[in-house]
Amino acid sequence: MTDESTSEQIDRRKFLKVLGVTGGGALALSGCSTDRVTKLIPYLVQSEDQVPGVATYYASTCTECHAGCGLHVKTREARAIKLEGNPEHPVNAGKLCARGQAGLQGLYNPGRLKGPKARAADGSFQEITWDEAINRLADKVGAARGKIAVITGAAPGTFSDLLSAWTTALGGQVVRYHAFDHEPMRAANRQVFGIDELPAYDFAKARYIVSFGADFLETWLAPVEHQRGFAESHGYQDGQMGKHVAFGPRMSLTGMNADEWHAIRPGSDAVLALAMANLIMSERTGAPADANGLRGVLAPHTPEAAAQETGLPAEAIKRIAREFASAKPSLAVAGGVGNQHRGATELCAAVNILNYVAGNVGQTVNFGAALAAGDGYGSMNDLAKRLDAGEVTVVLVHEANPIYSLPKSSKFSGKFAKATFKVSTSLFLDETARECDLLLPGHHALERWDDARPRRGVTGLMQPVMQPVFNTMATGDVLLKVAQRLGGPLASISAPSFEAYLKTAWQTQVPRGSDFDTFWRGALQRGGVYGSAPATPVRLAPGAQQVGYHKPAFDGTETAGDFIFSAYPTSMLHDGRGANRPWLLEMSDPVTKITWHSWVEIHPDVARDLDVQEGEILRLTSPFGSIEAPAYVYPGLHPGLVAVPLGLGHTEFGEYAKGRGVNALDLLNGEAPGGFLPYLATRVSVAKTGKYQRVAKTEGNVRQLGRGIADALTLEQARSGVAPALAEKAGGHEGEENPPREVAALKGWREEQQEEARLGAYAQDFPKWAMVVDLARCTGCSACVTACYAENNIPTVGPEQILRGREMTWIRIERYYEGGESPGEPLETRFVPVMCQHCGNAPCEPVCPVYAAYHTADGLNGQVYNRCVGTRYCSNNCPYKVRYFNWLAYGQQAFREPLNLQLNPDVTVRARGVMEKCTFCVQRIRGAQNQARMEDRTLADGDVVTACAQACPSSAIVFGNIKDPGSRVARLASDQRGYHLLEDLNVRPSVTYLAKVLHEAEG
Amino acid sequence: MAKPVAGVLGSFVHIDAATEAIRALRAEGRTGLTVYTAAANHEVEEALGITSSPVRLFTLIGGLTGCAAGFGMTLWMSVDWPLLVGGKPIASVPPYVVLAFELTILIGALSTVAGTLILSLLKPTTGLAYDPSFSDDRIGIFVPVGPEQAGSVERLLKTAGAVEVRRED
Amino acid sequence: MATLAHDAHTPTQTHAEVTRDVVNTLGTAGRGYFMLLGLAVAMFLVGAVTFVALLKYGLGLAGYTPPVMWSVYITTFVFWIGIGHAGTLISAILFLFRSPWRTVVYRATEAMTVFAVMTAALFPIIHIGRQWFFYWLLPYPNSRYLWPNFKSPLIWDVFAITTYFTVSSTFLVVGLVPDVAAARDKMFGWRKKIYEIASLGWKGTHEQWRHYTRAYLYLAALATPLVLSVHSVVSWDFAMSLVPGWHGTIFAPYFVAGAIYSGVGMVLTILIPLRKALKLEHMFTEYHFDNLAKLTLFTGSILFYAYAMEYFVAWYSANKFEQTSFWLRAFGPMWWAGWTMIICNAFVSQLFWFKKIRTNLTALFVISIFINIGMWFERYVIIVSSLSNDFEPWAWGQMNPTWADWGILMGSFGWFGMWFLLFARTFPVVAIQEIKETIPWPRLRKGGH
Amino acid sequence: MRTLAFVGGGALVLSAVVGATTLGGRASPHPAAKDTTIVSSLTPGQIAKLPGPRQPIFFRHDIHAGQFEIPCRYCHYSVAVASEPGMPTMETCMGCHLVIGGTDSIAKAEITKVRKAWNDKQPIEWVRIHTLANFAHFPHQRHLKAMGPMACLTCHGDVKRMPQVYLVNKVNNMGFCTNCHMQRNINKDCTACHY
């Protein structure tokens, strides 16, 4: 709100009612019933930027991870209803990942703390007023005499500055704690280049990408930026296409998107990098001069030696090394959390060398950006020690949940408990907050003022886009109020509000020759100020000589039949912060397609040896603990590995997260040396419990049985203009063609049918909406699915319903395997986003007895919810099975207060007993048409963008009017890679898929 | 209850006797006979010289009406609010044949029954003498005559072989 | 079990005896009857409660697992519609063919038809997502100017079932009128009054017979194509779609044959106990069961052929989708259901080649149970197994029924049994007047006519 | 800024009042003003007889929109630009009623309510009269653009003459919409409204 002063005075209960006014449609949940809002409550004061029925967009910054993507927050009737990427933002350029979009469910989470609380004598929490709360905090910090520690997960920015200033003024210590802090990378950069920062990686430029277990499409650094770049580099464009090779013990989503994935022995990847560097050095000159000093160091690491260690054939290593060197520029990345073994630092150093000798540093590896990072695991351990020693009496935890994200074996919670007064500003009652004495729930990022500096040169602004949902207070204001009360050392820190503090801080940034207000307004509109970081040229530091390789070490004594344990982060749950968002829990994991619970991945061979079926509950035991979870047989593993995803197994953190799944951290060594938490450094024994639990996955048949659903061409075929071979694939006739007579007859019949159809409504002057999906760009990240959930009020159904296959994903990502059936044959993964194909001859339409499914004049396959009686015949007759039935009033349980505030008022909330499906975002189409009509113009290409197309980080989805020859969609649909799903059925889909392009398999 | 019709009611066990009686009565020029049987019997029909019933006309008319209604309804309703489904013509006859057929049968059958009722009501049986045994194993013949001629009729029936003759007045 | 009175081609009874025996079946019943009735009502109540639950919480209570959007309810719907067909076949078609053995059995089977259709007619309502909007399927004038979509096979269904129910119940009632009159004349007191009204003033005058016989003929003539059309329409619910396993040209005849097969099975299941309970052993004789068994054998063989054809065509078409679908039907997760259907229908009926089996009531009864089970599974397999693996492999899924499915299934049997039991004690289950028609009247002189 | 709006609004309406009372609405451009049926003060008896639900505040459209000719869009501010007509904010009311206290006792009483509500920062909870089922989407702006000045009348009736607004047309009945669309031969596509 631009005008806080007056609107603040509307009390919150009223505010919710105010939403009731025009958002009535959205608040009434019973969808297709005519129940109505009976009261009209007007705004007290009209805010200039809110017009009922018209969406207002505010620029802001995403705080779901430290990539600091820019946001456009869509608000209706003063409620945030959707998060989209900010096109002007250099990091994400208008795109947004699933986790970022689910930030909305953090804002409206039922598990949020509704106001300040303090622990009473009996240990329970009881509500207090903000004044009390601030007084207590002030008294305690006043009395602490410097024995104060602050654990903060906040991104660098003005608030963080205030926090440090505040703490240091009190003589306390600030620990910036990020669960995934990439310490090995920074250590390696110190060692090899003598620079302590995380560089920015330019995937778009790279022609050849080698990933040593860095999941850059999931959680590594800035996934959205990387995916954008990856799509640019790896997407097929006029005959050109980069190559991506992934090494690692587990095939993550990144590995699935690689042209080659090699399962190497866990922890042996450093020597691989060194061997490649060695080969490059020995075979070609042109490496930076100072690299020559490395020859000696690299000499012992021959490809053969590497082959020994990794289990890869030396030839493969040589080939990849040569390809890597010859592609200019190329890029090697390492340091993924899931691959943090004991030798992680060694690995990152080796990869630095590899990049350096290949001349990539400064090309695709750009120092100077200094990506946001914390103080690292080491300093957290130090703090733990100080807590243990009782050197700290007051702890303030902000946007961090160490008690969950540190392994139990680190005994952190015990040490934490030794502090006498513990304060949490968490929005939720998470594990750490549960241990605290004072809860000061802060505002959600969408409710408060702040800024973020994800990297040098980029500052994103956050502004309150709506009234706070609950009685919370921005922590910045808390700090200032405390300062106000205490004075003394804090006297220097004073501002009427954090907003004011922020503005003063920004005064310094005003460029010469412009006044603050215009500058500030401009920044607010653009979402921040975006410059480019000055590149910092780096040279090899003496430490570079220390690079080397040591055999991987693992906790636990090596015994027969045990496995290396991998705890890896998933793109949905990250470090566990996603676990209380229904969207992210229901969003099937892009790799395994499992929802709502934990699982243990085991290799098919191992499963055969141990006679383990999917769903059999396995007990994993390490020296540090043991967990039980159902087995999932996954071919993308090194046979010596078992893997469990991170992020679940919360003991607090709201109804959705609490008691769901297991916490993989329980098996890890919390006191491991080396300054980082090793996630791939433990041995576990696997025991069958004999218990079973059906795995709640959305996975169907993983083989496409040659039905030509996920089609692919080799690079050669694509270049030579071969169309995807559909005739034989799409089920019709084995190889041989129809006799010409039949072909002619079929063609004639089709035309006649279309002719007659025209009697109805394929009238010429209407547009025909169509979509193109480029499978060469799609990475299966599922951002589009979340976007669809947010845009179309799709309810989450929960694990029990998923077990019955009743998920409501209007757009789903199908993941098919190719090959991998005989030993040695590489396993290829293909992702196909499948939504309603809006067929011209839609089989679903004629079978509906009440015309609830019918064809609109503009080529949409219309679905009229309020006419539907629920015979479900349409779904039976849909070859793509993209129609979803609302079996049990899903809306009621999915959108309960306050989650219902996120509902999009432009879209009907479907009632129980009604068929629903992708509408090509018809509400956006009609909205754009209304707008165009108001402005007496016709729609232009790009006026209508569906939610999925808007979100897709790799821009694989394009939407538009296919009748307009100038439109992008029309051009792409005529691409020679284009094909339709199940084309032989002659249902004439409006969605064209562009076949994936494969590098010829070599070696 | 209408007032009883005067006449003579003869009850037979044997079919040939009954038919004989009928023939004799018709030879005498008696009209308005009513013959009761427990089941349809063509010998009786022959004796009475009955022509086949006009009920089939109702069936025909009903059937045709149904067929027309079927096509009319479907075609008109399709174009009344034209909606395109599955790229098929708005008013496509083939599927509508099914509905036309069903309505043909439905209205055809109903009108047949209606016809039977109407036709039966044209010859009301109220007031005619009746005996429960007629629905069992007896054949009844009722001759509406005045008291003056009743005697001769009784005699005729007896001679024909009636097991029982009753006079109604 | 009972041995059958020997060849009863020509009835040995007199008119009087027929009337007596049949009318004796009416009126007060024994404890066994009321226990059966109680059971039926109880089962019906289970179904009713389940339906209320469906109304309150939604169809999700049943075992639906996309892509299987139709399962037990539609299966049971088709099952009951099928049951009906034998009745109409025997009462109408065999009437036109002047088949002598139909006379005794037809009343019971016609009643079965009506109640089976009454049962089936419930399912289109039960199975839809918003049952309270069922009437939107009817073409009634409304303020929204909206009409149903007559291109949808479901609308054909609505019309076919309505017609079928109306016509077959009319046929039953018309047939009953003279018999009710006969009963009336044997009754006293309040019973007489009731039958008096029910007999619509039937006296059996030659005029009444004149119109009656004609009307009956035409009703039979109309019912004959109807019975063929109804199950064809039902089969088109599937054949009109493009689901592999449904999209077959042989479906109409295949389903009609199956319907009659299942119907005759049910007739046997009902008649064998009934004749005993009503002490009509001398009327329902070996001759009748022998013929029913032959009919079963005939239709069963047609099914045998149809099954074989389905698999052959699937293979011969070289269509991947069809091939996969049928392969999985036989060897997929639902193999057990697939084989139950084939064994119970195609093979068991072949036993009827042997007269010994055709005329052994115990064997007949057991086999008839197999037929009922087999035919229910036929529909279950065709519907569920075809849906669970069609075009999009990723969307494949298997479904398991829940209590809500079984509850409704049980309720449907209760509902059917309830009506049939009530009928059997209230109205003549044997057509008095038609039997009498076949009994020669006594004559004074020999020869003559 | 805000106070400016207050004074501005006040002035506008004040002039309108003066105009209407002193000049008796003579030479006013709109026919509704010549209309004499508008009785500026109603007896409680008459009020009781009025159709439609009783609102928390007896707001008289006939005086505001009829007599003083305040354009509909002055209060329903977003009706011409958005799908939602927009309810006048309390601020809008006070824009005039800071200055105007009402002529007769009833009016005075009602206006005091408004002022009280404003001082207590309690929005008035009007009783909703026109409602659409939430699966039907009605873009007001399009209809205003298409039908011009008569737009409001067509569905809401002649509010200018209603001392108390009541439901003239069953706007939530699809027949009401389709009738119009058919007469004018406008888009009958289902997804024009239902999505």
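For reference, chains read A, B, C and D in written order, and residue numbers begin at 1 within each chain.
Definition applied: a contact is a pair of C-beta atoms (placed from the backbone, for glycine too) under 8 Å apart; a residue touches a chain by one contact, two chains touch by 3 or more.
Since the structure is predicted, the reported quantities are computational estimates derived from the model, not experimental observations.
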Required steps from chain B to chain D (each step between touching chains, minimum): 2
Between the pairs A-B and A-D, the one where more C-beta pairs touch: A-D
Centroid distance [mean C-alpha coordinates] between chain B and chain A, Å: 82
Separation of mean Cα positions, chain D and chain A [Å, integer]: 48
Rounded Å distance, chain A centre to chain C centre (Cα mean): 58
Chain B-chain C separation of Cα centroids, rounded to whole Å: 30
Residues within chain B bordering two or more other chains: 81, 83, 85-86, 88, 92
For chain D, residues that touch 2 or more chains besides their own: 190
Numbers and ranges of chain A residues touching at least 2 other chains: 843, 846, 848, 851, 854, 867
Overall pattern in which the protein chains touch one another (line/ring/star/complete/other): other
Of all residues in chain B, those that touch chain A in their complex: 82-90, 92
Residues of chain D that touch chain C when the two form their complex: 173-175, 178, 182
In the complex, chain C residues that touch chain D: 142-145
For the chain A and chain D complex, residues of the former touching the latter: 6, 9-11, 14, 17-18, 21-22, 24-26, 28, 31-34, 36-46, 51-54, 851, 854, 856-857, 860, 862, 864-867, 906-909, 919, 922-923, 926, 930, 933-934
Parts of chain C lying in touch with chain B, wherever the complex brings them together: 14-16, 19, 139, 145-151, 155-156, 159-160, 162-163, 166-167, 170-171, 174, 178, 181-182, 184-186, 201, 203-215, 218-219, 222-223, 225-226, 229, 233, 236, 432-434, 436-437, 441-445, 448-449
